[in-house]
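For clarity, chains are labelled A, B, C, D and E in written order, and residue numbers in each chain start from 1.
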Amino acid sequence: MTLPRIGRITAGALLPAVILVVWHLVAAAGIYSAAQLPPPGEVLSALGELLRRGELWHHVAISTQRVLIGFAVGSVLGLTLGGLVGLSRAANAVLSPTVQAIRAVPSLAWVPLLLLWLGIGETPKIVLVAIGAFFPVYTTVSAALSHIDPHLVEVGRAYGRSGLALLGTVLFPAATPAILSGLRLGLAQGWLFLVAAELIASSMGLGFLLIDSQNTGRTDVMLLAIILLALIGKFSDTLLGLVTVTPSAAPR
Amino acid sequence: GCVQGEDAPATDADGGGSVALRLDYAYYNPASLVLREQKWLETELAGKGVTVSWQLSAGSNKANEALRADAIDVGSTAGAAALVARANGSPIKTIDVFSQPEWAAIVVPKDSPVTSVAQLKGKKIAATKGTDPYFFLLQALDAAGLKPADVTVTNLQHADGRTALERGDVDAWAGLDPLMATSEVDAGSKLIYRNVAFNSYGVLNAREAFLAEHPDLAQSVVNAYEKARQWITANPDQAVALYAKEAKISEPVAKAVLTERTVLDIDPVPGAAQRAVFEKILPVLVADANVKSEADARTAIDTLFEPKYATARVVS
Amino acid sequence: MSAVPLEISGVGKEFTTSGRRRAVLAGVDLTVAAGEVVALLGPSGCGKSTLLRLAGGLDTPTSGRVLVDGRPVREFEPRCAVVFQEPRLLPWRTVERNVAFGLPRGVTGDQAQAEVAHWLSVVGLADFAKHRPRQVSGGMAQRAALARALARRPGVLLLDEPFAALDALTRLRMQDLLAEVQRAAGTTVLLVTHDVDEALHLADRVVLLGATASPPSQGEPPQDSVVENVSPRRTACGQPGDVDDGASIRLVLDVPGTRPRDRADARLATLRSALLAELGVRTPAAVPS
Amino acid sequence: MTLPRIGRITAGALLPAVILVVWHLVAAAGIYSAAQLPPPGEVLSALGELLRRGELWHHVAISTQRVLIGFAVGSVLGLTLGGLVGLSRAANAVLSPTVQAIRAVPSLAWVPLLLLWLGIGETPKIVLVAIGAFFPVYTTVSAALSHIDPHLVEVGRAYGRSGLALLGTVLFPAATPAILSGLRLGLAQGWLFLVAAELIASSMGLGFLLIDSQNTGRTDVMLLAIILLALIGKFSDTLLGLVTVTPSAAPR
Amino acid sequence: MSAVPLEISGVGKEFTTSGRRRAVLAGVDLTVAAGEVVALLGPSGCGKSTLLRLAGGLDTPTSGRVLVDGRPVREFEPRCAVVFQEPRLLPWRTVERNVAFGLPRGVTGDQAQAEVAHWLSVVGLADFAKHRPRQVSGGMAQRAALARALARRPGVLLLDEPFAALDALTRLRMQDLLAEVQRAAGTTVLLVTHDVDEALHLADRVVLLGATASPPSQGEPPQDSVVENVSPRRTACGQPGDVDDGASIRLVLDVPGTRPRDRADARLATLRSALLAELGVRTPAAVPS
């Protein structure tokens, strides 16, 4: 680990540290009751309790699994449909208004529909996460494809690349930064939709933990769930950044 | 490796002739917690090739949603919620009354000068529209001689209502247990008005299609609930411990809710007692457009109850 | 791929910019025989690059048609290779992989690697195979673009000022490289250039593109006082007055002798002066055409 | 209106028409009960009922207002912070990890926190919508800024543009397509967060209509709310597209 | 802005590509007096553009320093204007607004409009003011880039092959335009070019950049069989062997006479051959330097 990297990590830890201190001070000042804003220590002991009961691992694992599978499905669909819409004017005209309309359907609205169509099991949950992940990927990819430097597209055409070959050798590589940020947004939205997904007849997962603790008034557990979601969300985002940058590694 | 998720065990669909009984459990239905823990139904029905699965309901609305989507066969809700669902076209029947809870009451903050409902005139009150605490509030206002227009009702989810109350954003809260009990214990909030009769009972609803296909299973469920109720009365300490653990609340809160505010010693046959409450809240439902029309609601009141299972209950 | 003829007949091209239609090319007829090298000269903005793009199937003419090997040119034309006026390397690929982008379909594996290495060393970029386009100089990028086009072994090679960014020595080398490759494979070449010497050295015929309608009189005053020493705007496009008619072929010149030509040939010097005069430039030893 | 434009609209209406027909057929086939999936006609009559009672207009107006104000606030913040992070390495190191972590906090988790900090009333609702709109704008803008053609940035520097001038004359214009798609995603996410926002002490708005109808099992009203959200979402998206394209109007 | 001197002293520049460090420039010393025009020649890839970027403050040297008017060059240098090797117009602005981008701070409103119109007409693009960069030809884009730099009225004008994409006539015109502007404003000019004639016509001094360490012997065989008629790689950079040392100044040539020079001056012809020979090209009338 190089020194500048340590510097970066320190800088990145600055703001969380400040938040933690402020939280601690506010909680200690007694403006809010413990039920409203428990001090950091109490959240820590809630963590300990969950760990002791062996539940935490399960919550984290099942949520991560749902998000990963859902994100994989949703992002592949988003890339495919985004690519199609970016390539073909006809597909764009037919699909894009409907997709844009469906994009505005909130996660909570999907819950009863998916329950109706797909029942309770894992499928509807994963599908909901996939829906969440789909839209940012689709939107950014189709937008990016329609704004690629026409000079480069011309090079692809001049060298006999059409259709999928053009997409693979010119369009997607040229749109890489946009696609990457679309994927990251998709993953983030997958995590956001997870909570709604875990409203579907669920008794495990971080989203369930969040809702359940809200319903039962366990503010400490609720804050714990929020922090865990934030940490794992950030972690998976970083991981995605690493994974997707490595193959192209392009200092563009 | 993958984590075992919440896919139902694959026996029901393909396991030739085996039948699945899908029940819900809920924190507001202590008997269901006992049943799920003790596995009485599983043991009894295993011989008949019936598998039992349990599904958590976070609230009456979620139980109704699952019933509508054919995701469960029997679900537990508040009486009023069952009525609204039936009025809005859900094909369900109430087959059992599992408790007469006192889950709703009017709560004010610790230092509030308000001591009676009458003093709430012109004040701001938090409640979740369409739920029992809301109906409780309207009946309480009525009993105190106030009209709904005399107060400002702020629509807030139950948990948020508690926060709003403790923050001082509202003057009172039509609260719901166990949040209400927790607020009492933690923040010193005071219950200024209680009336067990204004609560709309906890009822067990089954899908009509399920009743037509498996009346025997419905009977087994009703029998098991009778047994659970008796067990709780007989083993209060164990029941409190179980309730506290499942609902993730402290034992004092659990004790208060279960032993002081839940009447389990009731007639489980749905009928006149519930109907009386429904009649009182019916105008509210119509006014708030919770039901399509008054006629629908009236029909629902007339057709909701299916008392024969509870009447025929036996404890094994 | 063996050499194929290129036939441009009656081609016109109009562009619409901010609502105004402007003819850039009008009635251009040009046949390049299989294996022939034709150089295209003309003032800045007169439509040379546009003609090249039409020939490569990268744009469609407003009128007329383009035939490659007797069949209409296609939108994705595998028989042509283009070197654009700018290098247009794909920025996310190394120089090496940019050259590989030019390889014809079916050339893969070891053969592909060998070809790429060959063309890189021929244009003098063997040491820069792993560099990104942004890490090489302008001239190096242009050479890489040339290598990419040569790697395609096309029937028709369309070159748009491929040597403009090269120093004198490298330019001569690349000219010789092109001549050698053309001779070996018999490729048909259409070469846009501003360098009259280059045109005369490499081409069988030199074609002058420009406005043909009513050339302005010789004595017209220069457009701006800072312009001296050159005869006033005779053929310059991109100027008011002559653009709306569209440029076409003003002059076709057969270059005597066979390739490779001696750069010191006296006949070429005469032709050079004539061509420059035609382009509007008075040379020390100007001979009227 | 030109002919190709009519063609586009027809093409865009194709898929919704198909969905409508399938919906009608499925509902008529009796696979689902009316409580599960009411036929389109019933949703229409629910619309009529709401219109008659004069409530619909109010629901739509208040929700639109919340989204517009929230989106304005969130997107301006997103552009500012995204610009800052894109310009300054230091800001990036300090801010970006925390922002990425907070991005993963689901809308439902914000509800109790905002209630605690901001009480009831309009403010917490608008803040929640702003939070929703902020993240896609921030993410796409900061990602786009760090991938701008360095040649163009060099032109800006060579002609004496630094800091804000560089941002305004080179960086933002070069990133316009990405910023536009970020704004559209931000607006969409604003609508998504609206539902959660209207869980906070609300008795009007489309989000309230959705939640309320879910709780009472009014599937017809619920579907109506979903359709309205989709239509208004799509409409506001189209409007945003028009507004943001007009000033630059660049056929790039 | 009045003319200012440019002082480059002991400048070296290294680049790291795929983990390998490579020196491109080493120990370059060059002082351009206020109002002087210096032409920079050298083989492709030897570091001319890099030196220009260092002079404009667009990159920082690995060693040595660059002074403009006695003060170190800044990261955002308002005293210099650059014409890059590619036009680099901002694609979202019209040609007109691209030229306006070059105006110095404080020039706004009517004055700005008049200036832009002036420079556009001077480079012959008055009719294309409202075109987008993608709608004009390569040569027109290059002229727009020149107009943008001239509009800045800089102390130091840094030009990287500004006329490479222009036809013979337009090129002469633009050279004369540059000479006129330079004379009127007394601007200091550093001009990279591959055209020896251009260098001799415009510059007070011609500077040859290239590898100075151990020039390979004259008789070495050519690198590739397709290269003929030119003496082998004497000064070509971008070739194995000479790159790792870094290029520096090989030769500085004072051009006799005062500007504007007669292009037909016999002394220039001699210098031309000498310079070309130095660049590795044998000309018909080659005179050894």
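Assume contacts are C-beta pairs under 8 Å (C-beta built on N, C-alpha and C of every residue); 3 or more make two chains touch, one makes a residue touch a chain.
Just so we're clear, the structure is a prediction, and the values are computed from it rather than from any experiment.
Trainee: Determine the set of chains touching subunit C that also touch subunit D.
Mentor: A chain counts here if it touches both subunit C and subunit D, which gives A, E.
Trainee: So which chain is the furthest away from subunit C, centre to centre on CA atoms?
Mentor: Following the centroid criterion, the farthest chain would be B.
Trainee: Please state whether A-B or D-E has more C-beta contact pairs across its interface.
Mentor: Most C-beta pairs in contact, of the two: A-B.
Trainee: Approximately how many whole Å separate the CA-defined centres of subunit B and subunit E?
Mentor: 84
Trainee: Where the CA atoms of subunit B average out and where those of subunit D average out, how many Å apart are those spots?
Mentor: Roughly 36 Å, centre to centre.
Trainee: What whole-Å value do you get for the distance between subunit A and subunit C if each is reduced to the mean of its CA atoms?
Mentor: Chain centres of subunit A and subunit C, defined by C-alpha means, are spaced 50 Å apart.
Trainee: Round to the nearest whole Å and give the separation of the Cα centres of subunit A and subunit D.
Mentor: Between these chains, centre-to-centre, one finds 16 Å.
Trainee: Scan subunit E for residues touching two or more other chains and write them down.
Mentor: 86, 132, 134
Trainee: For subunit A, write out the residues touching at least two other chains, lowest number first.
Mentor: Within subunit A, the residues that touch at least two other chains are 36, 111-112, 116, 151, 211, 214, 252.
Trainee: Please output the residue numbers of subunit B that touch at least 2 other chains, ranges allowed.
Mentor: In subunit B, 65, 68-70, 159, 163, 167 touch at least two other chains.
Trainee: Given the complex with subunit D, which residues does subunit E contribute to the contact?
Mentor: Interface residues on subunit E, with respect to subunit D: 53, 56-58, 75-78, 80-82, 84, 86, 88, 90-93, 101-102, 105, 132, 134, 148, 152.
Trainee: Can you name the residues of subunit A that touch subunit C in the complex?
Mentor: Going by the criterion above, the answer is residues 151-152, 154-155, 157-162, 169-170, 173-174, 176, 248, 250-252.
Trainee: In their complex, what parts of subunit D are in touch with subunit A?
Mentor: 7-8, 11-16, 19, 32, 36-37, 90, 93-98, 100-109, 112-113, 116, 135-136, 139-140, 143-144, 146-147, 177-178, 180-181, 184-185, 188-189, 191-192, 194-196, 207, 210-211, 214, 219, 222, 225-226, 229-234, 237-238, 252
Trainee: Where on subunit B does subunit D make contact in their complex?
Mentor: 61, 64-65, 68-70, 84-85, 88-91, 126, 129-131, 153-157, 159-160, 163-164, 167, 169-170, 289-292
Trainee: Applying the document's contact rule, which stretches of subunit D touch subunit B when the two form their complex?
Mentor: Against subunit B, subunit D makes touches at 33-36, 38, 49, 53, 111-112, 115-116, 119-120, 199-203, 208, 212, 214-219.
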